[in-house]
Amino acid sequence: MPAQYNSVVAAVNNKNANRARMLISCPDRPGIVSAVSQFLYEHGANIIQSDQYTMDPEGGMFFIRFEFELKDMDRELPVIVEDFTRVADRFDMKWHTFRASRKKRIAIFVSKEDHCLMELLWQWQSGELDADISMVISNHNDMREQVESFGIPYHHIPVTADTKAEAERKQIEVIADKVDMIVLARYMQIVSPKFIEQFPNRIINIHHSFLPAFIGGKPYAQAYQRGVKIIGATAHYVTEELDGGPIIEQDVQRVTHRHNVDELKRMGRTIEKVVLARAVKWHLEDRILVHQNKTVVFN
Amino acid sequence: MPAQYNSVVAAVNNKNANRARMLISCPDRPGIVSAVSQFLYEHGANIIQSDQYTMDPEGGMFFIRFEFELKDMDRELPVIVEDFTRVADRFDMKWHTFRASRKKRIAIFVSKEDHCLMELLWQWQSGELDADISMVISNHNDMREQVESFGIPYHHIPVTADTKAEAERKQIEVIADKVDMIVLARYMQIVSPKFIEQFPNRIINIHHSFLPAFIGGKPYAQAYQRGVKIIGATAHYVTEELDGGPIIEQDVQRVTHRHNVDELKRMGRTIEKVVLARAVKWHLEDRILVHQNKTVVFN
Amino acid sequence: MPAQYNSVVAAVNNKNANRARMLISCPDRPGIVSAVSQFLYEHGANIIQSDQYTMDPEGGMFFIRFEFELKDMDRELPVIVEDFTRVADRFDMKWHTFRASRKKRIAIFVSKEDHCLMELLWQWQSGELDADISMVISNHNDMREQVESFGIPYHHIPVTADTKAEAERKQIEVIADKVDMIVLARYMQIVSPKFIEQFPNRIINIHHSFLPAFIGGKPYAQAYQRGVKIIGATAHYVTEELDGGPIIEQDVQRVTHRHNVDELKRMGRTIEKVVLARAVKWHLEDRILVHQNKTVVFN
Amino acid sequence: MPAQYNSVVAAVNNKNANRARMLISCPDRPGIVSAVSQFLYEHGANIIQSDQYTMDPEGGMFFIRFEFELKDMDRELPVIVEDFTRVADRFDMKWHTFRASRKKRIAIFVSKEDHCLMELLWQWQSGELDADISMVISNHNDMREQVESFGIPYHHIPVTADTKAEAERKQIEVIADKVDMIVLARYMQIVSPKFIEQFPNRIINIHHSFLPAFIGGKPYAQAYQRGVKIIGATAHYVTEELDGGPIIEQDVQRVTHRHNVDELKRMGRTIEKVVLARAVKWHLEDRILVHQNKTVVFN
């Protein structure tokens, strides 16, 4: 890592040492904010940020995120986790706590286009993505040199129609227990339901269109064909339904009749990499809750 | 018309008196720009603006728009129109000329939502839409007072499943030969192929989604359901295929999980009216060519 | 008011009957969210939405907004207001409560450009601005007819260099105690410090540039001169410093070298009216806190 | 260069072999388009794209860009250049021709922030910037390894208040005649008028604000202080006036009160690198004309 980043990364680590986050979903009813904030206060947590969202005041779901500081994380967080079950049971909550200092470990999957990968690596290197990148897995060998120059292991696992199941078996093998989330950074293979099952709401894909328009292959060609005046990209959690999972982030750019398919692709690359990096950042910061097929993003 | 607009409108009219526009589509080959600009120069036309677009230098289509001034429009334009056939035949051109001073006459169709109608009326009144608004036709009577206060005739022609054909017959009757283009300003009835045939590429509709996403009814409910992070609106020429005609303009706005269907509708209204007004303006200024199912917009 | 709006407005009124909002600013320290949410819970308030922002966890300011429902507003809100002083004193809070059902009364000031006025009137009529528009005040008489057709009183108070003080005296007179906030909807006169003093953070102005670029007169001419590629508009609270008050909202649009000053003005009108309407809406919904010369907008 | 790019770059080179561009500025008068397009046609040039812009039909300036193909570039272009002086003299034109195949040679200047540099290198490597990057010059040594891994020479030339003149002398020395344009990719030193003089309208700088707001140092701190709701970046040609040269491109992103200075900087990096890369690309493709202190960009 270049010298100039050391101080940034050190600052982030230091800030995170005493931070934790709590994500909660539950049916809405009076008293939730009060109960949780009271609980955290009594357990010595200083709330830095809280966000909440009610789908519908009468009978909908309620979502809340707290970011808080503890004086002694190692001693106090386990007590919070143990004691909170009483609050959670009372309100029928699904909940998680996360230590900010426990970096999530990422496997990036990539094929032949490198722009999304390079953006993630650059942002990671400059301290903007607070994660460990454990490995890059590709069905091609092209980017090995680039990736290894960052000190990151590169696994070339070819995939053909015939070897798909075997290839996924190998992917699972190298991932083992070293990975918390997977980023499909323009990985041009469809991932099997069996694979997805092992990482529920923990695989982020970038689709190179403004979903739900132009699902499937060759979205820029489809966009050109339809004559749209704006193109976009969509980051979403991967589910069994192709390009149908919960949308995390989207962005767009104006185009005109002058842009042919190649130019749409070129312009699209910038949108894709920016949208994917934002989605990954929010996931790493525990800002995303999934409810049914939609996301609540507290950003 | 309020007094403050008179000077604007007078200025526009004055500027337009000697202006004409020529739109050309033809197969691309060398010498087209040269031939047309030479022709216009020799006929005393001073080119104010020219735009061109080649779909593909080798064997594609070529599109060009000239805006030019003539010293004596009434005498010189007919000569140009007559003489230009020689150039046009040589290059196999489809072409049109338009006098800027000949205002297009619009019929606006509307149902119960008035925001698009009101934006068009306001822009027309303030001199931003260089047109005559000949009439408003609605399947409801709600906006009669608003429309008539602008001095514009209002035709209430109810439509039910049973009376649809009869209603279209009446619409055609009141339109007669008084209308050059039709604007569907949130008109919530499907127009029949027979009706469309009479105004090829001269009916502009605003669809309240970012097409081709969310075709058909209740697009904001569809958008909410899918959890998109950006909503949009699309102005397009009406063809037989529902929401499938050539797209003229689109725009979008960010939304979050916090926006329910009603709020999406509310935010969407601003996008819809702005997008529709832009598309109508470009049509009025003869800036749009249609090729197959796409537009070339020289704006 | 046209018939189609009655149901919208009725729905808004109904929703608001039991709603109140509380805005708080105070120095940050542990326990604030807990104390306030506990207090509200014990007083029977059901929190619908809460937003908070900490400028800096160590020693900065803390801002919070609660929107909540009470079963019996008339009986319970006064109790809350009385009891809350104990919490407020403990944390050194500045705070306000607002009943959603008590519509704010607006005076709109306007000169010769009507687009911002018309947008506000249209949004108000369609139920999107939950306010009473008490009057329109103008230094010209041009828009009387338009305004009075909405059933809103119109006061023509001419202003010249010599009569400025006298004109402001008359404005104050017609405003009397009938107005809670003032919107300068392209009002082209500078308002005196003495006038501003009476409406601290309750006068919203729209400036037709992306502040702080192009302060003062003729911002579009300045923008054209400088050759910017994007123009914008800014809604801000009016303070003594010309175009220097706390910014509430801004938006922008791309332009090119092709757009002359008149076209910038024309395109700018759409941005101005949209930005101003958003800022007014947020003010009406008590979503804005001012700290020093900046706003915290919980939207 | 990674293998996957070879085909892209080869395709670009092939397309460019027979292409040339002509840029013209002159006082507007009738017959210019006709004369130039006639001239090109007679000299065997096939016009691929033409763009023109008239500042003001009566007595303003006229700008035109032609992109055309020749069958035999080496033989025909010199003839065109020789013969065109007759046309140019007749209309008092300033004009240039450029062979698309003659890649412009760039020196990138950089200090300690690497995001703009890395974006340019990545775009260059993937064939999106059709140029030769001759060298990187920095007042720090930090990025040597990154740059040299691309096979590009890295010159570390320290600059202090005392050694500024000497440092510029060294910069000129290493640049010698190896460079056609200079890109200041977050180079945090002010360049002297003497230096600028040698590269008129051929030095592009990225300023990290939406100019003309926040000229000079620490623009994100200024933006935070002023409480703007949108931040931006500006690419411009460098002139003697600090941050005052002709603007080539700008872009923006929404921010809120939640973003502190560090976050504005982080978000700004994405805007900066995208805006700078666009401006450099347009310069390389000869799409920019400068008139007085403004640009005409035919993109």
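Labels for the chains are A, B, C and D, by order of writing; each one numbers its residues from 1.
Rule of thumb we're sticking to: a contact is a pair of C-beta atoms (placed from the backbone, for glycine too) under 8 Å apart; a residue touches a chain by one contact, two chains touch by 3 or more.
Because the structure is predicted, anything quoted here is derived from the model rather than measured.
Comparing the centres of all chains, each the average of its CA atoms, the largest separation from chain C belongs to D.
Centroids built from CA atoms put chain C at 36 Å from chain B.
Put simply, the C-alpha centre of chain A and that of chain B have 42 angstrom between them.
Annotation for chain B: residues 53 touch two or more other chains.
With chains as nodes and touching pairs as edges, the resulting graph is complete, every pair of chains being joined.
On the side of chain A, the complex with chain B involves touching residues 53, 56, 210-214, 226-230, 232, 246-252, 256-258, 260, 293-297.
Interface residues of chain C facing chain B in the complex, by the touch rule stated above, are 2-4, 112, 114-115, 118, 122, 126, 128, 142-143, 145-146, 149, 266, 270, 274. Per the touch definition, chain D reaches chain B in the complex via residues 30-31, 33-35, 37-38, 40-41, 46-54, 57, 69, 254.
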